[in-house]
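Written out below as structure tokens is the structure these notes cover.
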Amino acid sequence: MRNLTGLLFAGGLGFMLLSIAINLDFGTPTMLIGGAIQSNALQKTGATNIVTSVVLGYRGIDTLGELSILFAAAASAGLILGRRHTTAGTQTAGGFVLRHGGSMLFPLLMTIGFYIIFHGHLSPGGGFQGGVILAAAFFLPLLARPGAQLHHGTLSLIEGLAGASFVLIGLIALQQGKAFLQPMLIQDTLGVLLSAGTLPLLYLAVGLKVGAELASLLSHLAQTESDA
Amino acid sequence: MNEHLVLTIALPLLGAFLLPIIMRSSLAMGVWIGPVILGYGCWILANLWLHGNEQPFSIAIGGFAPPLGINLYVDAMALLFAFATQLLGLIFWPFRLDQDTPKRQALMLLLVASSTGLALSGDLFNLYVFYELVAVSTFGLIAASSSSAAYVATIRYLILSGIGSVLTLFGIALIYAQTGTLNLAHLAQLAPDQLNNDLGLAAFLAILIGIGVKAELFPVNTWVPEVYATAASRLSAFLAGLVSKLSMLIILRLLLLIFHQPEATQVILILGILGVISGEFAAWRAKDMRRMLAFSSIGQLGVIFIAVALPDERGVLAVLALSLHHMLIKSGLFMLADHWGGSLERLRGIATTSPLAAGLFVLFALSLVGMPPLPGFWAKFTLITELAGQTDPLYMIGLLVFLLATVIEASYLFRVAAKMYQTKPTDIVRSNSPDSGSLSLTTASLFGAGLIAATVMVSPLGDGLQAIAVQAQDVDLYIQTVLQQPLGEGQ
Amino acid sequence: MIPGFTLELILYSTALGLVSIGLAGLVLSHHLFRIVLALVIAEAGANLMLVLAGYRWDAVAPILTTLGEQPQMVDPVPQAMVLTAIVIGVGIQALAVSILIRIRQRYHTLDRNEVAELMDAEIAATAGTARDVSQEAPLGERPIPPITDDAVQVRGGRS
Amino acid sequence: MTFTPLDELLLFSGATLLVALILGRGLAAGWMVTILYGGQLLTLIKMAALGYSDTIIHASISFEIMGQSLSWRFDALSWFFALITVASALLSSWFSCGEWERSFKQQGGNVWLYHSAMALNVFTMLILLASGDLLSLFIGWELVSWAGFLLMAMAGGVATRAAMRYITYAMAGGMAVFGGIALVYVAAGSLQYEAILTAVDQMSSTQLWMLVVMFGGGFGVKMGLLPFHLWQAPAYAETPGPGSAFLGAISSRMGLFAILLVLVKLFGIVNIDSLKIPFTLIDARDLLAWIAVFTIILPTFTAMKQNDARHLLAWHGIGQGGYMLLGVVVADAMGGAGGLLHVFNHATYQAALFMAVTAVIHRTGTSDLNKLGGLVVRMPLSFMVLLVGIIGLAGLPPMNGFVSKWLVYRSLLNEGMPLLFLAAVIGTLGTILSVYKLIHNIFLGQLRIEHEQVKEAPWSMMIPMLILAAIIFITGLFPGIPLAWVASVQEVIGLPATDYTLGGVESVSGSLDMIWVIGVLFAGFGIGAVIFYSAGRSKRVHQLDNYAGGHFLSADVRYQYSDNFYAGLMHLIGGWYRSSFLWLEKSVTSLVDFFSLVMQGLYRRANAEFYLLSTALFVIAWVVI
Amino acid sequence: MVDLEIWIALLLGLMTLSAAILVLLVKNHIAAVAAASVVSLGLALLFVLMRAPDVAMTEAAVGAGLSSLILALAVKRLGLWRIDGKTTRSSLLVTNTRREKDA
């Protein structure tokens, strides 16, 4: 009975929202903000990827908040799972493919990750995507070798410093009489790696932080407890 | 000077990121970071309050003129709640030292930073982000009490608040699709033309239900009793006292600035009334202190929702007065619950062993019930005169329910008080007095002192709140302050 | 092409369908892990909805290629927001999963009702109060017969 | 800054409270507090001009809070009630000094708390009486409620339970008043009396109805008017000795004060008269009158059933409140005077009765009517006081109760309300029967063996009792003294003032001269005594010198008919009202309990997501459709 | 062009929706996680269609990749790692199993 009502209610809600949403002007958004941003993003931030300029420039504090959420999630997961001392490593040793593939993949993944991060202001991609790849790079060896220690100390150092540098870059702007998180060092050239001033630095911070955060999350999830 | 306000958000975040690193090298230094940051935040805000001119102002983050970038909107109301956040963060600081300290303190800093963000932010999506940050750090802190029940309470809360954020996100998507902007001031400007329709209303209701999860709105507040019963009391006090009020603040802002539709207020009113009924009735049978406080908190928040549904600035005044009062009282009561804890039966005759605590309980209870010279009375008086002045019969029902709820509230609170003063101290009481009692009792006394101070200064406080309410209610002022230059001039 | 069968309808239906399926799953599932999955789906639907808000006919991705004349682009702001929302979602999901692991360890079950029962019992025990109402007898009156093991298998133990 | 007499009074009262709080643990605390009450009484007497004219004394303090101005002032109405309050506090406090205090402390009582609570009660009552607008009235009202709670709850055990019941009723009443105030505020735009007086004329009858119900109900709770009377008797009776004398004398009259102020003075009895109840012949005023009459009858007959002296008296207190309201609602010169005079008279004899019973408890340790008897030989003075008191309570000459009741009856007859008159007389019958039970079971019959060593009450108790007895007789002889105050009260609240003389009233609709009545009465007594003694047929017998069924009882069997008093009568009438209100109360409580269970079940049911979903659905559906 | 887009969108939408339904219906938790991954993948493709390459990349990396990894690890930790009711091991990922403790 409850199942049926639940189903009906969910369906009904979906239908009603659809009937509201269908009245929207699809495909011709007003783009009040979007249009304005498009036309002045390059001067203000120096990034050709406008999404990046929004993520790190116009809505920089959202990104900061998001990093904090990841940090909070990782810290909470650490609080919840890492309470007792754990023996690191997975329950099972990796197979052949995984072991060797892992060690081969590691440098490749690192390169790709950093590439994506550094080109985030030019092409699709950036700190989040690159960070995830970095996390995967760190995590693979863990899967492959049961004895491998993921250096939680190093990870938390990276995540702390990366997050802090994001805030600090913002605070430096404040110190120089600009607004908090205002982009600096913008050069007016298009499509060059160093064109976007502090934006790549911010993305580097984001990437490192995301990578470290996710890697520590994954390792927390993957490890067994000695006394479970 | 004004620009430094952003430090109240940035510094706690910075501190949170660095805290685990610093604590690993030097615990002695680490334990001071959080309090110092929060103290500094209080100082900034207090300074601004004392020396700033009365006019609200807006801070563009990243130097992007408001409708494009995100801005912080700082009026007296935002300032007040930001200050309360930092102060309560300081008061409820998790001092306890163990191996989890760095993470717990970092989460607390994040919680304070994001709560401050909720009070200040002037952008809808940014509010959502801060709201989620509040949620996640809250989950961590609740689960940190590491009892099995706490884990279950957390996951149930997490799921509920997850659905809430889906709905909120959905509402935001609808609003953005319709208007193409997320800045509250800009939205306020556009709302009469574009959001004054079914779509706007649906978006608002989705956001209302989403954010209502934290604001203890009636049907989505089922997490409240279990979370408050399992989390550390200091955290419960922070959640019940502050976070719920901040969520309420967002709803109030949205209602004032953007969604003036009568349907919106009606929904809030109905849900508020149901919240009062459910909370107060459920508290009537509660057998342990925290659950009782949790249910009573639901009821009180319902009352505040009723006040939110009131139209003009006296309604806002009622919301502010009730919120601040409840913040003070519930924090104090949860501190007392920390002092005693557990079943109400254990409180029998406790007045002989800890007369101060029992006295504080009676004081808080009296104010909560609305005993005249105490501030609670003035808050309620503002509410009911305003309710009685409405023509819609629904408000009359609200008035009656409110009065009925107060009777029930008095009945169950004073049943406890009478139990405390019975002359039969059992052995359980003596053996069960916890060690952390003195700290929480001190904190509770602090709130008691605050309450008495507020009683003495009720007249200037009332005038001050009135001014805040008038300012908060002024939509044109908001729009002008934020959108000083018209769109596109920054090119 | 079938008239009225527009891109708009398809996309909105997909987004809302995901949200509805997610919500239905949240209500109907008994297994906490399944509930977390449902949450993930609902969130994905909301994200899609947000991206749809910025879609524009015949426009290109918001990346500048030349300095001068610019082609029409889709709205970048919702995309940035979705980026944020996705990462937030994964954070919450990781947190939820780690809590589930603990619950499983402590209570040896992930059935939602059983877990709630155990939690209520534990809260009551900690507070030192007797539970006067149980899940089986909501109002203390006609107790509905307790769920048998078989029923648990059928209803909650889909694994 | 100059102090007005009102400032002095309030300061004095506040100082009393402070002294009780600070020095209340000291040895002579009781005496100090008593002296301070005396000071308050002197200040009141300094304001005596109020009692004879319609001047007003303002307090020099006033507040401006949240757009509301709060002020305090005294007029004849306030003064009249304040006089009773302070006088009964003075006498009760005096009564408690010395011996009673000592024995109270020995039994584990908290003397400090007792004195503080008393002082707090007086202080809050004075604040209430001094209220200069509706808001300060409400503030005073709530303060009085909570102060009363403190005094009632302090004894612990049964008393605390009774007090809890009281506070729930009082809160309900308080909230009804609160709601009423909000409605008035909206209608009048202000809570000042003047503004309300002008606004009342513009109110629609629906508005007025709501206000009458809310205020009448709210204030009626405190008075113990009929459906809300259950709390009062146990709460007053279980209060420690002199406290119950004080509460019984004045506490519930605060409700009458508020009714006089709001319903009679502000709304006007004429306006209330015009509120018809649809489909019946009666209006709001008749409704009030009938409530008053039932309040007289039912509690009085309930009192008859009581086996505890304090409970018996407390139940009577409720019933006597009905006479006051009845008189005021009749609202002609005589009725109003009767009702108001009854406030004064009731306070005197109720206090005396409670004190006498407390004195008996003090000496014997019990107030159980089935365990007492024959004390007249051991405590003759207490017997005298009790006798004076019950004559007053029963409304018989020569005591003051007769005057006020006569006025009320007379006005009922004058105004042509025979049914109400009849009902009131039935109430008086019940009163006579039950007070006979009181005096008989305590003082008459044979002395119990365990009470043979009982001594008369100590002088610290005896003097206040005797003073009260004297007042009862003197104001019975010269009712003109209080009637002067009553007349100016009537003027202040807008009722026709009565024409009084020293011995009673003198008007076209009826006259009473108590000096003459009492003269005749005593002359009759004198003649009777002369005949009795001159006949020389009387013979002195010992208290134990009696027999039953022609059979002499030996001296070690004490003969006292007390158990199951009025068995036949109770059998006859018991079924009519037995427990019906208890049932009502119980059903309300179980309703709340049931709702509470439902709501807890709501929160306990695990399906939060379902709630969210369905709310979202309904809310959105409501928008879309 | 537009027609093609519609057909692609229809296909992807149906795929996503049916995968979403599968998430809730399949008995096996691993399969459910896999289906969730398919949802993310479909969504990522839809994002590409919507000219949102950044979002598509993120959705693919985070939603389809990382999130599935997290869920899979969780399935394992929760002791739900079962195909056909008995514990098996992926031949590619695992060579020797210690004890499955939570199972």
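Every chain is named by a letter (A, B, C, D and E) in the order it is written, and numbering of its residues begins at 1.
Rule of thumb we're sticking to: a residue touches a chain if its C-beta (ideal position, glycine included) is under 8 Å from a C-beta of that chain, and two chains touch if they have at least 3 such contacts.
Note that the structure is predicted; figures quoted are calculated from it, not measured.
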Exercise. Can you list every chain in contact with both chain A and chain D?
Worked result: B, C
Exercise. Steps needed, at minimum, to get from chain C to chain D via touching chains?
Worked result: 1
For this session: Considering only mean CA positions as chain centres, point out the chain farthest from chain C.
Result: D
Exercise. When you take the mean of every protein CA atom shown, which chain's own CA mean is nearest to it?
Worked result: B
Exercise. For chain E, which other chain has the most distant CA centre?
Worked result: D
Exercise. How many angstrom lie between the CA centroids of chain D and chain E, rounded to a whole number?
Worked result: 78
Exercise. How many angstrom between the C-alpha centroids of chain E and chain C?
Worked result: 15
Exercise. How big is the gap, in whole Å, between where the Cα atoms of chain A centre and where those of chain E centre?
Worked result: 20
For this session: Please compute the C-alpha centroid of chain A, do the same for chain B, then give the distance between them in whole Å.
Result: 30
Exercise. Listing for chain E: what residues touch at least two other chains?
Worked result: 52-55, 58, 62, 66, 70, 73-74, 77, 102
For this session: Pull out every residue in chain D that's touching 2 or more other chains.
Result: 597-598, 600, 605-607, 609-610, 613-614, 616, 620, 624
Exercise. Got the chain A residues that touch at least 2 other chains?
Worked result: 2, 6, 9-10, 13, 17, 20-21, 24, 29, 31, 33-34, 37, 39, 49, 51, 58-59, 62, 65-66, 69, 72-73, 76, 80, 124, 128, 217, 221, 228
Problem set entry | All touching chain pairs, where touch follows the definition stated at the start | A-B, A-C, A-D, A-E, B-C, B-D, C-D, C-E
For this session: Can you check the complex and tell me which residues of chain C touch chain A?
Result: 6-9, 11-13, 15-17, 19-21, 23-24, 27-28, 49, 52-57, 61-67, 70, 73, 75-77, 79-81, 83-84, 86-88, 91-92, 94-95, 97-99, 101-102, 105
Seminar exercise, completed: Given the complex, residues on chain A that touch chain C span 2-3, 6-7, 9-11, 13-15, 17-18, 21-22, 24, 26-29, 31, 33-35, 37-39, 41-42, 48-51, 53-55, 58-59, 62-63, 65-66, 69-70, 72-74, 76-77, 80-81, 122-124, 128, 190, 210, 217, 220-221, 228
Seminar exercise, completed: chain B contacts chain D in the complex at 156, 159-160, 163-164, 167, 198, 201-202, 205-206, 208-209, 213, 218-220, 222-225, 263, 267, 271, 277-279, 281-282, 284-286, 295, 366, 369-373, 377-378, 380-382, 384-385, 387-389, 399-400, 403-404, 406-408, 410-411, 414-415, 418, 421-423, 458-459, 462-463, 466
Problem set entry | Sites on chain D touched by chain A in the complex | 607, 610, 613-614, 616-617, 620-621, 624
Exercise. Hey, which residues of chain A end up touching chain B in the complex?
Worked result: 17, 20-21, 23-25, 29-34, 36-37, 39-40, 43-44, 57-62, 64-66, 68-69, 71-73, 75-76, 78-80, 83, 153, 156-157, 159-161, 163-164, 167-168, 170-171, 173-174, 178-183
